[in-house]
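Both complexes shown next keep subunit A, but they swap its partner, so subunit B is in the first and subunit C is in the second.
Then we have the complex of A and B:
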């Protein structure tokens, strides 16, 4: 699938069929995540692939940002360096978000739907998934075969969000 | 260009030729940015396309993360809601990083190189580009025709960064 088409056609999918995702497809998606750039090539992201039905339900119950149970969640975590500063933590989040977009685009190319969730109880997710203290669950991406085909949500025109050389200067 | 190939073949490019980028290509790249998902479809990102040579030099001088002057910078900003919480600010950064990856993949598909920079003096960039107080320059993406062809940097194997259902549980 063409990359520019994938970028435009990808929709956030929140309703999924019960069909499981083959391990081979998950591997391709995780490989795409791994090729995302990271600050200083630190690669501090870690990916927990949750497919166990009980664990999925436990995560969903503490995640208002997840509307239905998908075939899998990928919980994107950042394993902080021992001396990580606030600035480092900030770069970890950016790195995890960049990897999340690779996951969503790869999923779309493979016929899967996905949605990134940021609204979940971090402490509870940390406990459910045995995530150690120095590791932060930064984002959750849901994955599954789509059970809906949503219309593209409205987007602001470029004239309203793009400027030339200075803020507010027409592009 | 195939999306999975683009994801794997994209490299961070830090040396550029002097060739300018046609407006039409920049529009395609910005359109790709605009189709990135945002929390609650808030679309709080704003994109300043810097091509003016004087402005580019000023930005570069305060940006240790930018190694050579590219044909263009895209400064990805977040225009905060008046009542934005720390949590909102956190989602703005994630949304900007997701859009940055769309920019980098679209650039690669169009024959351009790019690199995301996070190391720059925010206050100085804010002043140079007349960015108002409630707007944060979250990330800078450089763009230009590549003057280098770097080898892929090493990546951690999936066995080291992917877990199943719980942290540290082998996938």
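Then we have the complex of A and C:
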């Protein structure tokens, strides 16, 4: 699938079938995440793949932003360097977000639906997944075969968000 | 009416939502509340102790069909909340008159 096509066709999918995802597909998706750029090539993200039904249910229950149990969760964590500055820690979230986009585009190209969630109780997710204190679960991506086909949400026109050379100067 | 598992599911949702409300925008808190209401109605519908299943189902459908307006149409979302509260009050009145 062409990357521009994938970018435009991808939707946030919140309802999934019960079909499991083969490990090979998950590996392709995680490999796409691994190739996402990171600030200073820090690569401080860590990915927890959750497919165990009991663990998945627990994660869903403490995640008000997740509305159905998917085939898999990928919990994108940032493992802080021991001497991490505030700036480093700020870049971790950006790095995790970029990796999440790679995950979602790869998933879409492989026929899977996904949605990125940030509305979950972090302390609860840390407790469920045995995540140590210096590791922050920054984002959760839900993955599964789509059980819905949502219409594209509205997008602002380029004329409203793109400027030439100076802010507010028409492009 | 609720099973212990359902109570804990709702409990996890409510306390997680309480924590999220500290950081999330104000409107998200209202969304969590109506979403919790929908989840509660879902559990009630699964039990065999609900007398007016149709009304309960209608309220749940009303919430589920409109709650995501919060992200796309704030004015429409607030109108939905107003309409929903009126519908709930009508149910309260119906039950109060039936009890007389």
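Everything below uses one rule, namely that the second predicted complex is superposed on the first by the 171 of 171 C-alpha atoms of A that agree within 3 Å, B and C clash if a C-alpha of one lies under 4 Å from a C-alpha of the other, contacts with A are read in each partner's own complex, and residues count from 1 in each chain.
One rule holds in what follows: a residue touches a chain if its C-beta (ideal position, glycine included) is under 8 Å from a C-beta of that chain, and two chains touch if they have at least 3 such contacts.
None of these values were measured; they are calculated from a predicted model.
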Subunit B or subunit C, by number of subunit A residues touched: B
Partner chain(s) touched by A:139 [first = subunit B, second = subunit C, both, neither]: first
Partner chain(s) touched by A:62 [first = subunit B, second = subunit C, both, neither]: second
Subunit B versus subunit C as contact partner of A:124, first or second or both or neither: second
Contacts of A:153 with subunit B and subunit C, given as first, second, both or neither: both
Shared contact residues on subunit A - subunit B and subunit C: 153-154
In the complex with subunit A, residue positions of subunit B that touch it: 1-4, 6-8, 10, 12, 27-28, 30-32, 34-37, 39, 41, 43, 45-52, 55, 77, 90-91, 93-98, 100-102, 104-106, 108-109, 115-116, 118, 129-132, 135, 138-139, 153-156, 158, 161-169, 171
In the complex, subunit A residues that touch subunit C: 61-65, 119-121, 123-124, 153-154
Residue ranges of subunit C touching subunit A (in the complex, touch as defined): 8-9, 12-13, 15-17, 19-20, 24, 28, 32, 35, 72
